[in-house]
Amino acid sequence: MAGLAILVPILLATVTYELWWPYNPNDIDLLAINKGPSPEHWMGSDGVGRDVMARLLQGGRTSLLVASVSMAISTIVGFSVGAVAGFAGRLVDGTAMRLVDLAMTLPPVIFLLVLASIAGTGVGPTILVISLLSWPVLSRMVRSRLLELRERDFVVASRGMGAGLWHLLFRHGLPNTIDILVVYATLQVAGGILLEAGLSFLGSGVTPPEASWGNMLNSARSVLVLENYPRQWMFPGAVLVITVLAINFVGDGLRDAFDPRAELN
Amino acid sequence: MGALASEFEVSPDSLSYTFRLADAKWHDGEPFTSADVKFTLELAKNAESGGLFAARSADIASVETPDESTVIVTLSQPNSAFLSVLSYVMMLPEHALAEIPVAEIGKNARWSTTPIGTGPFRFVRYVSDQYVELAAFEDYREGRPKVDRLINRYFANPAAAVAALKAGEIQFSFVEPDDARTFDGDTAFRVIEGDSFVVNYVGFNHRVGIWDDVRVRRAVMHAIDRDAIITSIFGGAAKRADCGYVADQFVPEGLDPYGYDPEKAKALLAEAGWDEINGAAPISWVTYYNSPQVANLMAAMQAMLAQVGINVVPRAVDVPTYNGIVRGETYADFPMTYAGLQNGPDPASLNVGLNGSQLPPVGNNLMRVEMPELSSAFDAAMAETDSAAAAGKWQQVCRAMNEQLPWGTMWVASRYGVASSDLVDFHWTPAPGSGPYVAHPEDWDIAP
Amino acid sequence: MLQYTLRRTAVGLLMLLALTVLIFIMLRLAPGDPIDAYINPSVPMSASDLDVLRARLGLDQPLPVQYFARLGAALRGDFGYSIQRGGDPVLPLVLSRIGPTILLMVSGLVIAIVLGIATGIISAVRRNQPTDISLSIMAFVGISSPAFLTALLGLYIFAVTLRWAPAGGMLTPGAPFSFADLLAHLVLPASLLSIGHAALIMRYMRSSLLEVLSQDYVRTARAKGVREFWVIVKHALRNALLPVITLIGSTIGIAIGGAIFIESIFDWPGMGLLMINAVSRRDYPVIMCATLLTGACVILVNLLTDMAYAAVDPRIKVA
Amino acid sequence: MVQAEPILQISGLKTVFRIAQRDVTAVHDLDLEVAAGETVAPVGESGSGKSVTGLSIMGLLPRGIRRVAAGSIRLRRKDGSTVELQQMDGPDLRGVSGNDMGIVFQEPLTSLNPVYTVGEQIAEPIRIHLGKSRRQARSEAVHRLEDVGIPDPQRRAGQYPHEMSGGMRQRATIAMALACDPALLIADETDHGARCHHPGPDSGPAGPPAAGAWHGHAVRHP
């Protein structure tokens, strides 16, 4: 609950900031670069005189968008592959799992490089990269849950009645893995935000000057900024950590909610 | 090479160069002789060796060695860049390499584990991605160096180099211009400023069609407030470039400074019919620079160009990706670039990037500049062997660049090195690594 | 058991083959090749020179020809020469990097495992008490911080400002090898590396132990008069370790590719740094060999994890 | 063999649960006596507090959410001394549970630890309370398995719970509860195992344990 109390205002602020914050995230002011916080610029200005607060809010919008869309994609892909592997026969299962293993064996650096250079950099490719890196974990979890289930009477029964794969997936697969999915989804949003930040560090995330928390944090790479203008990375860093923290709390709460024993608390 | 010749003469027809070699020894004790020079130059000409100078040393007709310390190089045609090319060539010991097949030299294990040279320090070991260790060479021609060992450390991340410098683990390093500023006022360090000899430019791809009208290119120049960027983002550490050169002798009077004037830029665009040519469609703006400072520069320029109605989208890629793109034929992938090209100390460096005869695959004219006036200015300057007259010819090149705007030349930034104040007699220029700068490491010493 | 191992090995080899094909194709899809990486864009260079170099490296051949030539050589144990490093043979180069990565990874993981399991147990036993809450918050902050930021800050605070540790590298350059020197260079990156893992292990340990502590057999153990300490250590912990082992296994698998951020920020000469450098220079032979080696390690670790699982839990039959 | 003082004497027991900030009384004012050799079988509906009473005696209610609000539980130990279980704290109570009183739970599968062999689990209380060596405890455990009628006990002792049938496991849990010849055996709805076998009079110096069989349906005891 504490998680939601933090998350909702952050979400609201990033979505509505244009209505109440006078500065534009990409407006430069070369006469006022690297300024400290002031009544006009609450968080100061960055290396080209852009308002840090406006960039923070716009960056939050980008980061959250990247994280949520990639979460949706990786959840769908992860569930589908895991569920098909879990319900279909041994051959399909074996193939799908080797595919998952292969995806997990690929060195992420190469994956990133290639995807980024084929697809270019920016919001779309970043979403793609994060989704492609994340789905195998979910597939494994869904599959192992469904494998337990496959032998149970009701699945055998509905199979005996000639239920198709589609039916199995949505009538039995989805309800029985919904807890995994929901928890994974929340944690993946948090993971997505962190991955986006990491990608920016490697130079292949959302490209500047488009603001994202990742590329704002990335300015800490410059010793000048790290040392002399700490607020340029501290504010986005703090907001990023707090947001991820809040999402993780929500995820933890959901996990408890899906665990019947937790009611005893 | 330059450092190993004690003196040289050029024949009146500019075809024959006679070098007198300095009295030097290889690190294994063997004397450095004219045979080594002949061996090296012939190897450089031979494309099979995998050297990068094959095309540029193609003009060498013959190399003669009348005695151990004299070399006569004859060219098939005059080439004013010859001495400059020669200064890049590293001499190789014939006695150590002669029996290795030419095609194998590039990947021969013995050479990569025990290279020898004639410099003040000899190679001890190389730990990959970590450091090179060098030790004083007792028989160095100008006397034994003062320090016993020299270690050249490699850093993957510029911040780590700065950290190591600040932590006292290393005594000097190149630093990013921004990072150099963090040493201001710190008495434990000395910040050394040097000319980068690299002109940064906004590259217009002349094959995509949107830059054909010179008024559009001029509008770009007027839209960008270069002086403000140099003052604020560079902190003054750059010179405005109104053509490819900033060195006084190559810059004529009366160049158009393209002052910051967004209204004029808009007017020029309207005249040229920019709305018809491209309008607000996004233009991908590719660069291989990945430093935080360039990200800031490009963000500033993007915002300025947006004000006049040119919508550019910066895209930073790594060096191989950049080279892969700009050397390819898919012009739509790089309608615009932000890049740099070496413009000195030898002004001829720019020829290969701007002369119409240097279009790929022959040369490095990646923006596909084909401007007859500019090309002939380059040809004239390249053929001029009289150094006094050459400066005037290079001024012509500069003037043509300023008028025609094959590129939007922006500035020449300074390069920085930071050295610990403990270093004594430390002469070192933070210039491009391949340049012929005399650093005299044999004099360096660390204060007790 | 033998049959199982053999089958897994065969599948593993097939996967490695698939991996090489995949990497090969992906590398060639990326724009820029080793020659493009070789040239500094600000130094003039003619394209015809470069084509000569390409031909010398065989980069002008059709892709399948290049692939099978490489594969054939690799099967004979010849992994080629590094393009970037002036012809160093690849295999010794890559092998020389595995040691430092394993050293860093193992130290980091040992710190993480000890710290994570200990705090996880304390948290579970003191569930919802102040100790648990503060440990949990710390773990959440650890999980929620970007790795590169903690590494940069750690470098800056401990190496530059406080000067407690060297700023990078594995050994003091030029100094004779000493264990103390290695340790001094290792402490900071290993500790920073362990933060995220420790936090994750702690969370898993805590929830897994809580789950196990509510099991009937724990009650049975108490009913037998077993001391609380032994109830936890002997009866609960062994059961609770199962999911944690899976987690650690998959972590090892990922970490063998090198802790990219830590290695590049601290210039640790491991696989991560090698890979980043090789990728940025498009050093195909090095990338292929390194990928193959890390891929083999990941597959091996997966196999070992499954076996460790079977050792801890008699219900799981390795078959 | 009925003796004058009862093995177990419960008076005025009240056990309260705290669930979701509300107190729920699970056992209200219970009086109960079990004499030596006697079998007492409380009968009641599901949820009437039979199991809770058993757990209250053993001190096994989950910590944090339960408390025994009132009453006393007195147990006569194997050595004849009588203790008040309500006043005993952890270490003291541990000396009693598994030693002077044993409990058999409802679910035989889940009450056995899956990662140890049955023999190890039966031997554990013997080692703790009777101070036997690992080897001695092990052979004692085999005897206990034999006592509850498991054929081939030597082999069975080396098996893991999941390798046994449901009935086997049931007997194994009983063997575990009886490992130290407790004075009191609490059988929590152990209907099918308890009826079959019971240690004979020769199984220990204190004689057969008094048993409380908390059943919902019927009492079956020889």
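Letters A, B, C and D mark the chains as written, and numbering starts fresh at 1 in each.
The criterion applied here is as follows: contacts are C-beta pairs under 8 Å (C-beta built on N, C-alpha and C of every residue); 3 or more make two chains touch, one makes a residue touch a chain.
Values in this document were obtained by computation on a predicted structure and should not be read as measured data.
With chains reduced to the mean position of their C-alpha atoms, the one farthest from subunit B is D.
The most central chain, judged by C-alpha centres against the centre of all protein C-alpha atoms, is C. Remark: subunit B and subunit D have CA centroids separated by 87 Å (rounded to whole angstrom).
Once the centre of each chain is set as its mean CA position, subunit A and subunit C turn out to be 22 Å apart. Measuring from the averaged C-alpha position of subunit B to that of subunit C gives a distance of 38 Å. Our note on geometry: subunit A versus subunit D, Cα centroid distance of 51 Å, whole angstroms. Taken residue by residue, subunit C touches two or more other chains at 30-32, 152, 156, 214, 276, whereas all remaining positions touch fewer. Shown for subunit A are the residues that touch two or more other chains, namely 113, 117, 221, 226-227. Each of residues 62 in subunit D touches at least two other chains. Residues 11, 14-15, 18-19, 22-23, 26-27, 29-32, 128, 140-141, 143-149, 152, 156, 207, 214, 250, 253-254, 257, 260-261, 272, 275-276, 279, 287, 290-291, 294-295, 298-299, 302 of subunit C are the ones touching subunit A in the complex. Subunit D makes touch with subunit C in their complex at residues 58, 60, 62, 64, 90-91, 93-99, 102-103, 105, 107, 110-115, 124-125, 128-129, 160, 162, 173, 176-177, 179.
Touching subunit A in their complex are the following residues of subunit B: 157-159, 162-163, 176, 178-179, 181-182, 225, 228-229, 231-233, 290-293, 295-296, 298-300, 302-304, 314-318, 321. If you check the complex, the residues on subunit A that touch subunit B are 26-28, 30-31, 33, 46-50, 113, 117, 120-121, 203, 207-209, 215, 218-219, 221-228. By the touch criterion stated above, subunit B contacts subunit C in their complex at residues 47-48, 50, 52-56, 103, 106-109, 112, 127-131, 133, 149, 151, 153-157, 159-160, 163-164, 166-169, 198, 288, 317-328, 339-342, 349-353, 358, 360-364, 432, 434.
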